[in-house]
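Below are structures written as structure tokens.
In the two assemblies presented below, chain A is common to both, partnered first by chain B and then by chain C.
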Partner chain A sequence: MAKAEFTVVGSSPARIGGVERVVGKGVYGIDVMLKDQLHGGILRSQYAHAKIVSIDISEAKALLGVHAVVTAADAPDVRYGRSYIDRYILARHKVRFMGDPVAAVAAETPALVKQALKKIKVVYEPLPVVIDPEDAMRPEAPTLHEDMPLPKNLPDGVKVKNVCGFTAVHVGDPEKAMAEADVIVEEAYETKMIHPQYLEPRMTAAQVEPNGRLTVWANAQAPFPVRQEVAKTLGMPLNKVRVISAELGGGFGGKGSGITSGAAVEPICALLAMKAKRAVMIVLDKAEETISTTIRAGAKMYIKTGVKKDGTIVARTGKVIYDAGAYSGFGTQAGGRCTNMLGGWYLMPNCHIDGYVVYTNKQVCGPVRGPGGPQAAFAVESHMDSIATKLGMDPAEFRMKNMPKPGDKIVGVPKLRDVSLGETIRIAKEKIGWGKVKLEKNQGIGIATGSWIESAGPGGGAVVKINEDGSATVHIGKIDMGTIPGFGIPLIVAEELGIPVSDVTVVNVDTDASPWDAGTVGSRGILVSGTAARLAAIDARGQIFKMAASLLEASPDDLEIKDKQIRVKGTPAKSVALATVATNAHNIIGEVIGRGYCDNLALMAEEKAHGSSQPFTTHACIVEVDTDTGNVKILKYVAVHDIGFPIHRAAVEGQIEGAAAMSIGQALCEQVVFDKNGRTMNPSFVDYLMPTINMMPRIETTLVPGYPGAGPYGAKGAGEIACVPPLACIANAIYNATGVRIRKLPLSPENVLRSLKEA
Partner chain B sequence: MEYFAPKSIAEALSLLERYGGEAKVIAGGTDVMVDIKYKEEPGCLINIKAIGGLAGIKENNGGVRIGPLTTIRDLETSALIRDKLPVLWEAAHQFASLQIRNTATIGGNICRASPSGETLTPLLVLEASGNIAFSDKETAEPFINFFSGPGKTTLGAKGLLTAIDVPYPAAESRGVYLKHAVRGAMDIAMVGVAVLITPDAAKKAVRDVRIGLGAVAPTPIRAAKAEASLRGKPLTPALLKQAAELAASEASPIDDQRSSAEYRRWIVEALTRRGLAQSWKAATGKEAV
Partner chain C sequence: MSFTINATINDKKVSASTEASTSLLEFLRDTLEMKGTKLCCNTGECGACTIIFNGKPINSCVTLAADADGATITTIEGLADGANLHAVQQAFIDTGAVQCGYCTPGYIMSVAALLDRTAKPTAEDIEEAVSGNICRCTGYAKIVDAIHLAADRLSGRA
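What follows is the complex of A and B.
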């Protein structure tokens, strides 16, 4: 669809609420101040693996100003989890990572909370600790969860332990095809744990209402799953719990997995509020956040590919070992995704990959931006270059050689509707100057591609209410963290209703008022809420037209709205103000309420019939390696993306730049470092190295038109995919500069220099 | 925690005499406040910022006298420092963020005695000394003798640094301060190397050379063997390389979350080599041959 068809969709107006955020006037969760609010804090395990022998809270409780001290004994004996229900909100019997919540305190002041936490006496019996997931799978490894069974789908005869998820990908006859290959390349890749490091600390506040209902404020990406899990873990009926979304200062998936994300900070806070009979707020500090909340897991990936001399891939086999951490968390889903993606997004006629998701004594895997994707793409796209090198082929040409066409299948996707991958490679080569740019000594050029899923996960609804003045109030179930509520949704609703963008208000999520939603996760904002909001606006418009039709003595089908005026098409003089009709409506039906939803079954059926129109991308960069220090400087970086039709172009570019920057950080410097006892060695921003702006290249983004997606106006989700290619893109450029292939992240100065010296 | 803001050096010294090990002196607070928040609260905090006359930069007897309360930003924006003590200026320039430079003081950086302290290796190669006051005496102490371990100095619990004297190096000398960190100035240095080199009149041989190493030993150190290997000799690439290797062998770095000891040695070698080559070229207009 061409941009010219639309009034506001496809443009880039300033983000609603943007100025307030920039000048520091935005109201975040931490700004909530409830009547008689107490401060809460959590006592966390100081052992990565230990039996809890006893907990003595008497001294803490006796402190003046301490209103509640809670342990597992105060909570129902109920566990939570997603694939494995393996976790208590407060540790019972055992702790499994340093940071596991053991007890909590509510007191008058933060200093008093600290003091009381110190007075809680926990006797531990330390148990052997296992940090590396591959070690954790061995029979001699300590058992982390005594009562969790191995996955039912594990192949017969596989002797493993501590496995909490298994995915097998199988296509064709890889063994036979591998035997017939001319060239076989076999490699192993490894990525490290990184923390999403949103700047806004996690908060939650809870209060028991006079009628016994519980209200929870949370800066969670998924308020409805939080409601469900708070109710479950506290043994309350769902309708007695209300979760109100506090505005988010970043989440990146780190706040996206219900109560798992914050290690149950919401039900713990609620438990304190119930016991103290006062409102309680908990705010995590940065170090506490870094050691206890959900992360992007590290993965070990074994990959082997057979190719013909002409560059045709004939087979791939592989194994993924995905680190779930102390509890299953989002590990099974992210590890499964990683396993599928190790099969790549090129033609792959024969393939077998086993993916194991493994418990270790570390913090827990969450759905961090593109879960499983960057890890897999680091292996797949570095490996593609290794194969091309062995074949003596140009890496881009080798990729083109194995390019799927519309109608083809790739691993995990039975049918592709259209394939923009080749187009993104072509444009990226042109933008970076592939084969043309003159590289100085120690400079190198690299390319890497990526893809992301189109439809996975539940649908969701939207409600559009037309106010007396013709303005619109929109309810969706997705929270605002720089995503669609401030960008895409106002444009969509304004477009369909013929009103200015500034006349659209999108309401923060309140589970008592908003349509249910699985959360702002999985690049699903535009697909789910965008679709729903568009249909809701069209529904509202239809109702308005029906009422206007009698006033204008015309058929509703002949009406249009432009600039807040309802007109008869072709006879602009016959018009009535939207506000007039909207006001009239209030006297008749109260107000016009439009309803819309995204039907996931319908989406899946569409995808089955016509194929997936998933997004593709190619990134390319030029780096310079300091062979004395190992320092890598990115001189140029281009990101070429097909994300379908960009509803808010600047927002889409912002998402791409942000996601690319996040993975550039993972590529060059970020990792959570553990000692052998499972203690995080770099919990603060001094030691956890997020890249500064000085390290960041300008990310030159190009959006490729012409490949509509399943979202409204042909949009595709754009929040995650740019995280996928950067790791391999930079590693490939380093290889091009130095001739050294680095298969382990981060590509930090030390790792690079060591690799150069060892080569 | 008790809090004092003495108005004079004498008052501060008497407080230190009284509270000793329990007391913590605070100036810019960029380290102390973080420690209070995340580590231990001291029994008593002595804020010396209200003492007059402890900030400023002025020429003094063929050198510069710097007040300990002088901020890093004041050093960075001082024409005198940039002109006469460029090695110190460079360290001030690569010192964290502008906000931190506006707050942190040189005295604080010195007394914190972190092995990675940005200004320390330049002060060692410039052969600067501190004026140290106790309640009963006052001495001038060369900084080479001042640092005794991470966070430890000859000030002990009761001394106060009241001035920093930096003599001008030889007019023909040139130097550099090179810092290695993943994120540049924003990070604590993994390795810091300060080099000051003076050629002979013919610009053929090394008349004097000083090499300071930071973050690679319990205190900032001078690489004495590397220096000795160069003095009086023409600077050839082979000699330069050998001196850099000697410097690496003189370092005694540790493994920590920032980097391994081995890597720090590699960087000492690389930065010493670079520092010597750059300084030699600046001093003589020629590459080492």
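What follows is the complex of A and C.
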């Protein structure tokens, strides 16, 4: 589809909601103020693994101004979880990490909350702690979950424990092919836990309405899963629970997995509100958030690849050990994705990878931006360079040698309709000056590619209502955290209805009114809600044309809509205002309500029949390594992306730049550090290093046209894929600069210096 | 112990009582219910709570409300001239520097203070002025664009 066909999609108008945000009038979750609201707080475990012998709340309860104290005894004996139903909202019998919620308090002031939490006496019987997932798999490791079975799909004879997810990739006959390889390269890679560190603290407010219904305000990326799990854990029917989402001050997947994300802060707050019979609001402080909420897990990855002398890959084997943390959380899914992606996105005729997701006494894995992808790509794309080095081949050329073509399979994708990967490599080489740029001493150049396979997932709907003046009110199930409600959706609806973008309002998610949605996760916003909103706008337009046709004495098929006027094509004089038709609708159908869906089954059938167009990317960078201090400075960074058709170009660039920055942070400095007892050593922003403006290079983004995806107008998701290449891209540039291959993150001064010394 | 703070906030005289331990951020957000200034790290590390205090940008989370007695303060709510946005606010919108928008109020206050001091900031000036403002969404690229655009507009270069 050529861009010229469109009026507004493909442009970059100012973000809807931008003015509110720059004048301080954006209403985020933590800005919610309820009448007579109490403050809530949570008592968290001081042990990473212990039995709870007793909890005495009597002194806390007796404090003047304390309105409720709750423990597991106040909640139904019901657990929650995604793959394994392994977690209580408040710990029962045992605690399994230092942030595990044990009790909660609602009181008149924050100071009183703190005082009351200190008065709760918990007697623990400490148990052995296991921090490393590889240790946790061993038979002698402590058992974290006594009643959780091992995955049913574990191969016979595998002796492991504490495993809560297993994924196996099998393609061809890797043993036979490996035996026929000319060169075999075998390596091990490791990434560390990072926290998404969105700026807006996690909050929940809850109140019981006079009619007995429960209202929960949550800054959650997935309000419907929150509603489902709040209802389940508190034993309420779904129609008695309402979850309202305000604007989100960042999430990055860290607020994306139902009540798992915030360690059940929503049902705990609701429990307090029920007991106190007052509205209660909980805001986590940043250090508390870092130790208790969901994270991007660390992974250990063993990878072995056989190649022919000419650079043709013949086989890969590998193993992934993925750290779920204390509960299965999103670990089973993220670890599965990491395992698949260790197979790479090049031609791979023979492959066997086993992936284990393992419980440890740490924070729980969530779907943080590209779950499993950055980890796998660190191993895959560093490994590609190691192989190229051993073959004496140029790393970019080695990648091109194994490039899939349209019609080929890659691991996790049955058939590709087209492949933009090679073009992203070509453009990235050109932009960075591959083979041309003159590098000074201790400078190096690196390249790494990535993909983010868009596979099956939940569908979703949209409702577009046309108001009497011709403006549109849109309901979707996705929230605004710098994502589609402020950018792509208004453009799509404006395009299809012939109205100005400023006439479109996308309503914040309210589970009483919005269509169900799995959440603003998985780069699925534009695919799911974009598709649904486009179809809903087209449905609304059809209803408008039908009513306008009788006014204009024309056939609906002969009508067009532009600048809020419905006209007979070729006879512009014959027209009627959209506002007139929308107002007139009151006397006919009441209101124009367009409905649309993203039908996941239909999408899958289409891809099965014709293949899929996946997003691909190549990043390239130039770094300078200070060999005295180990400091790595990025001098130039380019990000070349095929994300299909960019509906809101600036938003797409912003997603790419932000996602790349997050992984550049993980590459260079970010890491949650533990002591041997499972205590987080760097929970506050003072100690948890994140990229500031002075360490971040200008990320130069290029979008590659011509590879339409499954989304509206040929769009593909853009929120996560740029997280995939940076870790290896920077590691490869460091290797190019120093000749030292670093296989363990972060590439921090101390780690780089140690690696240089050991080399 | 509670006492009364008299300050000029966004050109208005304000008088309200506060506790000795209350931070200026809490005073603004909770006592005065001015929610535009954002709470994040509460340890002076992220810049989300930046306000202009007697002409200088400060982190209001690590400043005591008591210190505001007699002070002149501008917050994000007071930067625009009625419906006319400040050049920095407009530039953040025009360059796409507002994603989730949570760091935006603090960022804009730091940049407004910078451009008050320096009409044409160098890359080093910018780094120094906003290295205490963390943005987790943008990778800073479009924020840098916004700062240059605002500087150019304020000095008549654009």
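In this section, the second predicted complex is superposed on the first by the 757 of 759 C-alpha atoms of A that agree within 3 Å, B and C clash if a C-alpha of one lies under 4 Å from a C-alpha of the other, contacts with A are read in each partner's own complex, and residues count from 1 in each chain.
Going forward, a contact is a pair of C-beta atoms (placed from the backbone, for glycine too) under 8 Å apart; a residue touches a chain by one contact, two chains touch by 3 or more.
Because the structure is a prediction, the values reported are computed rather than measured.
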Partner chain in contact with A:Ala14 - chain B first, chain C second, else both or neither
second
Quick one: classify A:Val53 as touching chain B (first), chain C (second), both or neither.
neither
Just checking: does A:Gly654 make contact with chain B only, chain C only, both, or neither of them? Give me first, second, both or neither.
second
Touching A:Thr692 in the superposition: chain B (first), chain C (second), both, neither?
both
Would you sort A:Leu64 into first (chain B), second (chain C), both or neither based on which partner it touches?
neither
Where does A:Leu601 make contact in the superposed view: on chain B (first), on chain C (second), on both, or on neither?
neither
Tell me the contact category for A:Met681 with respect to chain B and chain C: first, second, both or neither.
first
After lining up the shared chain so the two structures overlap, which partner does A:Ala573 touch, if you call chain B first and chain C second: first, second, both or neither?
neither
After lining up the shared chain so the two structures overlap, which partner does A:Cys669 touch, if you call chain B first and chain C second: first, second, both or neither?
first
Determine, for the superposed model, which of the two partners chain B and chain C contacts more residues of chain A.
C
Under the contact definition given at the top, report the residues of chain A touching chain B in one complex and chain C in the other.
684, 686, 692, 694
Taking the touch rule as given, give the residues of chain A at its contact with chain B in the complex, in rising order.
287, 628-629, 631, 668-669, 673, 681-682, 684, 686-687, 689, 691-692, 694-695, 748-750, 753-754, 757
In the complex of these two chains, what residues of chain B are touching chain A?
38, 180, 182-184, 186-188, 256-260, 263, 266-267, 270-271, 273-274
Chain A to chain C touching residues, read off their complex
12, 14-15, 17-19, 21-28, 30-31, 33, 111, 196-201, 247-252, 283, 285-286, 481-482, 650-651, 653-654, 657-662, 664, 684-686, 690, 692-694, 696, 698-699, 701
Which bits of chain C are touching chain A when the two form their complex?
21, 33-43, 45-46, 48, 75-77, 79-80, 85, 89-90, 92-96, 98-105, 108, 126-127, 130-144
